[in-house]
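Down below are the structures I want you to see.
What follows is a pair of complexes built around chain A, which joins chain B in one and chain C in the other.
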Partner chain A sequence: MRYLKLISLFARASVQEETAYRANFAIGLLYSLLNLGTGVLGIFVLFGQVESVQGWSFASTLALLGVYLSVGAVRSLFIGPSLEALAGMDGDVWSGRLDFVLLRPVDTQFLASFRKWRIFSLFDLALGLGTLGVAVSRLGQTLSAARIAGFVIALAAAVAILYAILLAFTALVFWSPGVLFTWVFDGVFQMARYPLGLYPGWLRLLLTWVIPVGIITTVPAGMLSGASSPGALAGMVGLAVVLVGAASLLFRFGTRRYASASS
Partner chain B sequence: MTNQQMGKSRKPFVVGASAPFSALKRILRTSVNLRGGWALIRGTWASWLQYRSFFFILAFGWMIPPLIYLLVWATAAGGRAIGGMTRGEFVAYYLALILVNQITYSQTNWTVGDLIRYGQMNRLLMRPLHPLFDALSSELAGKVVYLAFDLPVVIVLALILRPEMHLTPGNVLAFLPALLLAWALRFFWGYWLALLAFWATRADALLAVQDSLVFLLAGQVAPVALLPGLLHSAAVALPFRYMVGFPVEILTGQVDPVGLALGFAVQLGWLALALGLSALMWRQGVRRYSAVGG
Partner chain C sequence: MTEAQISVQSLSKTYRVPVRAGGLKAALKSLARRTYNDVHAVQEINFTIQQGEMVGLIGPNGAGKTTTLKMLCGLLHPSAGQAHVAGFVPWERRPAYLRQISMVLGNKSQMLWDIPPLDSFRVIGEIYSVPPARLRQTLDELFDLLEMAELLTKPVRDLSLGERMKCELVAGLLHQPAIMFLDEPTLGLDVSMQLRLRRFLAEYNRRSGVTVLLTSHYMADVLALCPRVILIHHGKLLYDGELGSLAQKMAPFKLVRVTLEDGRPLTEDRGGIPAGAEVIEANGNHLTLRVARTAAPEITAKLLQSLPVVDLTVEDPPIEAVIDQVYQEGVQG
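And now, the complex of A and B:
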């Protein structure tokens, strides 16, 4: 309860901070629409040439794009900005301001994960969910309650996996400040725009087991199109639990290594 | 001027020359502090490495989108041909595109806007040299660093993915001027957009729009020949294809002689417009420019 109150407090403070720069709002709107437009047109061009690729049709790939955009929106809503404030360029670890974070009487990982909000991303989330809606109507399948429930669970697990990966990358900063791990991850995460099946075998293994970015979008989208089995869903939920646990451990180890900055 | 005066005026110079020498002596005298010296060397080296890794990470990020489409199209083609291109030809096309895209991408355009906004243009304006040269020099330096990352990666990818390429001397000969013009067009097109920062504070939004258009129309999302109807006509007419896709198509042998002549004509036309707009923006803009801060 106390944590929920804190979250709403953090969010409100962020809104106040953000609305001070109103011109950025229009620019953000433009970037969101560009992101959506290039994504949809990319799929449109591909499926203008071929009917389906490895069992993925236009509609199911569009559903996957919807998942990609939605999960990405949740990331930039709070996970991204919060962790960036910790480990990014001029972040708390670099400048030594983490002292003040560690001293607060709240769990450090909680504070590091929910501190900063970018409310504008709710618009991105709406675009992502809208894309999902259009894709589902194009799929032309009647969705049972069980499948919708499976999809929602898979989506939640997707967010959890993404959070765990980002937290782990953030924790690495305690060992090597200055190397921008999250930037590398951003590049790899773009690969989740397309289904795993569209990549060659070695890359598919890499994106499933080493940096499980592919699972984040492929399994939830497969729940909608019927390509994912219940086993895949169970595996994904298991992976999410394991990854969040492991990342939290790594983060705890990392904060112990932290030795403030200079002086 | 008397000898004495000359001696006086030369004195600081003499001191200046001996300063590093005496510093060296001091270092030698206090050479006990080897640990400190080593730490300094290691620190400097690390900071260089860090900068290099920073640039490598940027280059990595720029490489990913074409790489994704390489893999997607190669998988889609499988054992057959799409729009006359086989799997191996898609691989060759996109590997060439990764390099051409990096060579023609001008990162400096983003910094030009910042220089104007934060008033750092002052420093450059004081020099007896057009600020354009500053942009051009960092442009060149950047290319070397980025290609040092891209080339090995592309070679490794070529070994794994087995591209299919039929290089002819004629294609290579036509490719080089097309590449140079593509770079010039992309640079000056971005330059005049960036110079809009003289009037609007957030002109870099236009650069983002430009990046999206390049992604769609310059042959990244698909080779221009595979774009559907309206997109294809837009790609052929607008400048973006001539910034990236056109040289790549020449190298991979997808352009016939008529298309080649026509392409060069369109490329030169857009370049002339970009140069004219850059000159105009600069002349008008620099008059409006009033420095920010000291």
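And now, the complex of A and C:
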């Protein structure tokens, strides 16, 4: 309860900070629409040629894009801004401002993960969920309660996996404080716009097991279209638990290395 | 005597830092194989501090002050030794411990820059679970003491350095900590702002009984606030005691000020000055001599015999001079 209250306070303070820069709103809006536009355009080009690709129809690929946009929106809503504040040349680790995070009587990882919000990303989230809605209507299937529940669980696991990967990449700043490691991830995450089945075998393996971004979008979208099995869902939830646990350990291990910045 | 609020036993911190020679070749070589040096930032220091004390932690740059402070607030794990603060081991960083302490840094800000300070204070208050009514009361008291009502509606980035420092102090005190660690709180401030902050800290300590451990390079901070100082140099504790006795203990010399009879100034060859006395200032018939502490009685007696002395005083050198000497030469005697 206390943590929820803290989250709402962090979010409110972030809104106040964001409204200090009005131009950011316009640029953010343009960026979101471009992101959606290029995504949809890509799918139209692809399915202008063929009916289905590796068992993925237009509608189920659109559902995948919806998942990609929604998960990406959650990432830029708070995970990204909070974790990115740690890294880079002006980051909290480099400058020593992490002192104030470590000295709060609140869990350090919680504070590091939830303290900065980009409320504008709620618009992205609406676009992502809207895309999902359109995709579902195009699928032409009635969704059972179990399928919707499966989808919601898969989406939550997707966010958890994304969070774990970003947290692990961010924890690397304790070994090399000047570097923003999450850009490595951003490049790879772009590939999750399209179904895993579209990629050659070796890349599929890489996107499933090494940096599991493929799973993030493919399994939830498959839950909607019926292409994902309950086994895949269970596997995804298991993976999410393991990854969040491992990333938290790495982060905690990293904070022990933190020596603060000298005065 | 009650149990000490801060107690430090054989506390040490050694950093492992990469070293390399200058130049491109050495830079490339260090990519392949790094060599490290051990830097002993703090070495086996011991001290205790009672509740309500204001203690100055002094020493030259790189002496180990900030490292000591960071170990005591819980940011750094020591390499060896123990410390207990308010009954806790600091670096375990238990929430119950963190609620009792506060760290205010002159060179780092905990405020949110784009919003007015009041909003930052609300967030920090919630982090420390300060009940709203108490938060309001504490803030009102602090705003009053620091005379900062007019700052509260401006974004922090539009405030001056001194105004921001006031905000840092409020942010550090709104949860009413029992112990405050202050690292260079007056860094970069103008003289009048330094004076006001010192007055505030003294008054706050008197009212709340907060224990303060302060580092500062401005001796005026220490002189005004800290009856007791702990001096560290090269990571070792050189002195722990009253500021007034520091000179007595640390300076191996005394200053002898002599006034000679009118019309009989010191001759060119400085005849009559006993061996072991060094003239550091000669102004007409006023002389200042530097003499070894142990030799002071003997030399004074000789001076009275050999020169037409009308007045003579023996005093400790000023505190800045003593500290400068310790910083430059280390401890002597």
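Criterion: the second predicted complex is superposed on the first by the 259 of 263 C-alpha atoms of A that agree within 3 Å, B and C clash if a C-alpha of one lies under 4 Å from a C-alpha of the other, contacts with A are read in each partner's own complex, and residues count from 1 in each chain.
Basically, contacts are C-beta pairs under 8 Å (C-beta built on N, C-alpha and C of every residue); 3 or more make two chains touch, one makes a residue touch a chain.
Small disclaimer: the values here were computed from a predicted structure and weren't measured.
Legend: residue contacts after superposition of the two complexes on their common chain; A:Leu102 is shown touching chain C, with no touch to chain B.
By the touch criterion defined above, A:Ala20 reaches chain C but does not reach chain B. Looking at the shared chain after the overlay, A:Val50 reaches chain B, while chain C stays out of its contact range. Contacts of A:Arg256 after superposition: chain C is touched, whereas chain B is not reached.
In the superposition on chain A, A:Arg2 makes contact with chain C only, not with chain B. Contact with chain C, but none with chain B, is seen for A:Phe10 once the two complexes are overlaid on the shared chain. Legend: residue contacts after superposition of the two complexes on their common chain; A:Gly238 is shown touching neither chain B nor chain C.
Ranking chain B and chain C by residues of chain A touched puts B first. On the chain A side of its complex with chain C, the touching residues are 2, 5-6, 9-10, 13, 16-17, 20-21, 95-97, 99-100, 102-106, 111, 256, 258-263. Per the touch definition, chain B reaches chain A in the complex via residues 50, 53-54, 57-58, 60-61, 63-65, 68-69, 71-76, 82-83, 161, 201-202, 205, 208-209, 212, 215-216, 221-222, 226-228, 231. Here chain A touches chain B in the complex through residues 23-24, 27, 30-31, 34, 37-38, 41-42, 44-46, 48-50, 53-54, 178-180, 183-184, 186-188, 190-191, 193-194, 197-200, 203, going by the rule given at the top. The part of chain C that touches chain A in the complex is made up of residues 15, 66, 70, 73-77, 93, 95-96, 98-99, 101, 103, 105-110, 112-115, 119-120, 122-123, 126-129, 155, 183-184.
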